[in-house]
Amino acid sequence: MKKVLTLLSAAALLISLNAIDAMSARDYISIVGSSTVYPFATVVAEQFGKTTKFKTPTIESTGSGGGLKLFCAGVGAEHPDITNASRAIKSSECKACFENGVKEIIEVKIGYDGIVVANAKSAPMMKLTRKDLFLALAKDVPDPKGGENLIPNPYQTWKDVNSSLPNQKITVLGPPPTSGTRDAFVELAMEAGAKEFGFIKAMKKTDKKRYKAVCHTVREDGAYVEAGENDNLIVQKLDKDPTALGIFGFSFLDQNADKIKGAFVDGVEPTFDNIADGQYPVSRPLFFYVKKAHIGTIPGIAEYLKAFSAEATWGPDGYLSEKGLIPMPEAERMKFAKDIQMLIPMECK
Amino acid sequence: MNPLHLLIVLLLLSSAGYYIGRKKAFAVAGGAQGIQKLHSRPVYYGALTAMWCGIPAIAVVAAWLAFEPSIITGLVLNGLPDEIRSLPDGMLNLLVNDIRNLVDGNIVSAASDPMIQQAADRYAHLKLISLTSLTIASVSLSLLALIFIRSRIVPNLRARNQVERIVRYLLIACSMIAIFTTIGIILSVLYEAIRFFQTVPVTDFLFGLKWSPQMAIRADQVGSSGTFGAIPVLAGTLMISMISMAVAAPIGLMSAIYLSEYANRRIRDMVKPLMEILAGIPTVVYGFFAALTVAPFFRDTGDFLGLSISSESAMAAGLVMGVMIIPFVSSLSDDVINAVPQALRDGALALGATRSETVRQVVIPAAFPGIVGSLLLAVSRAIGETMIVVMAAGLSANLTANPFQAVTTVTVQIVTLLVGDQEFDSPKTLAAFALGLLLFLVTLALNVIALVVVRKYREQYE
Amino acid sequence: MNKMPQPTESSVGSCRSRTIDIVNRGLKRRYRAERRFKIYGITAIALSLVFLALLFITIVGNGYSAFRQTEIKLDVYFDPMEFKDKLAADANYLAIVKDAMRSLFPDVSGRRDKRSLYGLVSTGAAFQMRNMLLKDRSLIGQRIPVWVPADDDVDMLVKGHMDRGLPESDRRLKDKQLAWIDQLAADGRLHKAFNFSFFNNGDSREPELAGIRGALMGSFYTLVVTLLLSFPTGVAAAVYLEEFAPKNRWTDIIEVNINNLAAVPSIVFGLLGMAVFLNFFGLPRSAPLVGGLVLSLMTLPTIIIASRASLLSVPPSIREAALGVGASKNQMVFHHVLPLALPGMLTGTIIGMARALGESAPLLMIGMVAFIVDIPGGLTDPSTVLPVQIFLWADSPERAFVERTSAATMVLLAFLITMNALAVVLRKRFEKRW
């Protein structure tokens, strides 16, 4: 028995030692960042790895903040070359980057991601306005009895919010406050809805902080369920619970059109074309950032950028659109393609 | 020869040392009949020789390999022109990466500069020199040690004591790893936690009854500020752990008792590993199971009974987590129960006790410390579990005693805060570190209490 | 033992038969309790086995279909024109595949229709052509039948995961595509074959090309490191603490420490790994070596606690006997106590390793939650592990990843069961009851 054990461990030791010797330099692109950009960046990386002589880039899903933290830690082979982000870089992050020696960053917008409100196929079609969304989901809403004071959200059913909506309990499964999807939703849907109340809009000029607090704070009494970032899970939960609505990225609606349907927002259905031409109001840009210093020393970065900005990739007929990414308008694509070609770094605001 | 081959050679030398040492011991004792003249059994002389042969040489190799890259890099860089050497660190690092890629024959970045090529050649050359000298140095060290120790082998060399001392040091070193890990954990969360407490007062964090990190993600959204009160999060952790222990402890313990006391060997051999599989199923799978099967079941039952049960309930998450940790209780308890001397059982049975009475009043008390250990492990696992709660219980931090409401746990919050999209220096991200530290301290306190309690009970049966 | 029926003083004095009466009177109740106790045990085991079966049925039910993949037979013509004036590796293989598709349905016209026609085969088909040709240059100018993987939507339809009855707008496949697929099936150009790519490929964003080889290798390397580090260290630490260490404040601190480490959430170990192994020691990101180091720190407490419990359960008489015949303390521990405690230690190790095998959270911080296509060849190559792969697939929008998620779980479980079986064999060799 002892002999078997010794032999086994010796074999395992040998295997592992054999591999340690391969400790070597990095010859592949290292990408980190947002889990929202991940499904798109990975498609490009895979194509890139298959069609060029370079290795396939590794893409970590760390979240935008975590990605930028790693990205901004410094220049050198142990730091990532590119970070994906579902929001633009912040000036404080840009400064942190600069202090750590990451002085030149190229910003690339890759397209848009529509944020949809959806429910089960079996449930009634929801035709919402952004005002409905605000009233249903905000923590404090204008007193329904009139007047310019805010009271804790009293609405329990959609019918309470708007008499044209079905009489069912408000249950919305959505991302947590740490998520960029939530941030964009709050800003694009709820804030816009809140603005329809004159006195809230006026607040923007007089008390900006309060204005943002009113628009951006989501109720916490159970009607809005923070359901984590696993959008597939939300889709399946919606399928099991026809009274619930969910908030997630367009690509999940696209793939699950047989189970769920997107709610109209301000009379516009969330379809690919409606989001692309800007009719559908809730969509946000996606980005990635490149360290200029790494271009030319880590093999393949320039080629990867070129592959990403090809029309066949991010254009209206490109393969990213098949995965649910909404392409930028042509002028914008040209601008970013040019930035990439000339390697023009962004300015830190 | 590469470092791997070198290591194999050293290991072979070391095992050769074992036989040489043993042979010498027999020789000085004057053959197998004379071994009682030796201070220790011959194997100890062998082991001592092997240790002397192996340990110093391998230590040299390890140290050499640890410092080799930086020394060679330094030498190569020194050979480069000044304008390159004055580059900032990051750029130098990239350059070195390029050189190493060239040396390893990997794909390199487009530009193939003759200077870089030259540097790469130099790098490869230095690496060869280094390896050759390392080989000579370590092998000769090993041989020298072998010769030296062989000459020292005499009948009254206290070989066993020396071997045992070395073994003792190794054991102590291994048990110190736990301490270093703890220090490492504290250090790696402390800095960020302190930064968090600079923006959020400690008292607010510790005694706040509301957890709602709704803080603006970008600076231009002045937005709502977050409240970071850790009590609801801790309470959620506690509730879910308690529910899961309420499932795992009885099921696990009864299974353990049945398996070790009642079941015949064939059944035990089959069932025990089967149950251990439960601990290895990825938590994502449990998460889906909890969220899509168990939670809707509770909700529908609640609707049927006219109760309002959240579709993200602590109950669903806790139950499923309880299933996951059953093997922690059952397998470990089974082992310790099985290890209770048969004589104790026989004694009780001979006095006329039934089997269950024997188990309850003799076997369990005797196995008590081990059982407590297994329960502690199970609780620990429940506290540290993340995925199931993320999927089934959600992220809403309700301070509630109702197990059918949604709660959240410390681990869930840590994960969501760490992988969020918010800026990395915002209190939202830093709160993750503070939570980690807090959980660490809370479990530490619980463990101290557990130690005291266990010690009190254990003394009764020793 | 206060519950055992004890003869009272008076009963002993007055009549011997009364003791047996008391015993007999209680006997029925005690036997009932005995039966109840036994039933509790059986129920407990049955419950856990039912849970296990339930989980297995769910996983296998969802995942078994992923082991077969729908394929389409194309008549591929390697047109010499395509290979003129360029390297064979750079030829437009996509065009070759498209030509083959068009030749099957010559009457399809219009950009949109052609696009949806080409969408029926996987994008991997072109790479398959490329690999075929690079292996055998003589194919140029030949027309040969080849089975290529179908697109994941076609695969889902063939496997019955897509409902034809839905209105066209709600389906991923449109009416025309359905007609083409039906025609292909009628022509015998559509079949399901064993999904080799699932076992041979690394990760991919195309479900029909995605495989677990990379994650499997990553898990293997990571676990080897974990096992090699945590088992010997854990046993050594337990032996020291239980057998050698003086019982004083210092060892109390170590003990509390270890118990506490067992409760530290795994992601915190990830933070530790990032700070120590990546930032301080400068080891590469996403490497199984670092993953193994982090996971072994994580499993150490489990192994130590289990090992200590099993050392504690070795009866003192064994130790006393060994010491009594003149063994040194080391000899007593290593020759007598340790072998007897080994089954329990192995149990702790199995459970710890099972956890390490299923863990994904700490790997997030050290870069192993990543999209990695290339199969890792060593301890420092970027790689991911099975549970992470499962987690990433579970989060992918494509429907076809659902069955692959379950299939990957099945592979993980197979891995786990093999590991357990090995340990069980070992455990049986050592186990002893005295």
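All chains are identified by letter, namely A, B and C, in their written order; residue positions are counted from 1 within each chain.
Note that contacts are C-beta pairs under 8 Å (C-beta built on N, C-alpha and C of every residue); 3 or more make two chains touch, one makes a residue touch a chain.
Small disclaimer: the values here were computed from a predicted structure and weren't measured.
Distances between chain centres, each the mean of the C-alpha atoms, put A farthest from chain C. Sorting all chain pairs by how many C-beta pairs they have in contact places B-C at the top. Once the centre of each chain is set as its mean CA position, chain A and chain C turn out to be 29 Å apart.
In whole angstrom, the spacing between the mean C-alpha positions of chain B and chain C is 18.
We define each chain's centre as the mean of its Cα atoms; on that basis chain A and chain B are separated by 33 Å. Residue positions 18, 20-21, 24, 26, 35, 55, 61-62, 78, 229-230, 233 of chain A each touch two or more of the other chains. Contact of a single residue of chain B with at least two other chains is seen at positions 288, 418-419.
In chain C, 364, 394 are the positions where the chain touches two or more neighbouring chains simultaneously. By the touch criterion stated above, chain A contacts chain B in their complex at residues 14, 17-18, 20-21, 24-27, 34-36, 53-55, 61-66, 68-69, 72, 74-79, 85-88, 90-93, 96, 101-102, 171, 176-181, 183, 187, 208-209, 212-213, 216-218, 220, 222, 225-230, 233, 236-237, 240-241, 244, 293-294, 296-300, 302. Chain C meets chain B in the complex at residues 1, 3-4, 23, 30-31, 33-34, 37-38, 40-45, 47-49, 51-52, 54-55, 58-59, 232-234, 236-237, 239-241, 244-245, 252-269, 271-272, 274-276, 297, 300-302, 304-306, 308-310, 312-315, 317, 328-330, 340, 343-344, 347-348, 350-351, 354-355, 357-358, 360-361, 364-365, 386-387, 390-391, 394, 409, 412-413, 416-417, 420-421, 424, 428, 431, 433-434. Taken in their complex, chain C has these residues touching chain A: 115, 123, 127, 162-163, 166, 169-172, 204-206, 221, 224-225, 227-228, 278, 282, 284-286, 289, 364, 367, 369-374, 377-382, 392, 394-399, 402, 426, 429-430. Only residues 160, 163-164, 167-168, 170-172, 174-179, 181-182, 184-185, 187-189, 250-255, 257-259, 262, 269, 271-286, 288-289, 293, 323, 326-328, 330-332, 334-336, 338-343, 348, 351-357, 359-362, 367, 369-370, 373-374, 376-377, 379-381, 383-384, 386-387, 410-411, 414-415, 418-419, 433, 436, 439-440, 443-444, 446-448, 450-451 of chain B touch chain C when the two sit together in their complex.
Those residues of chain B whose C-beta lies close enough to touch chain A in the complex are 2-4, 7-8, 88-91, 93-101, 103-104, 106-111, 212-219, 221-226, 287-288, 291-292, 296, 299, 310-312, 390-391, 394-396, 398, 405-406, 416-426, 428-429.
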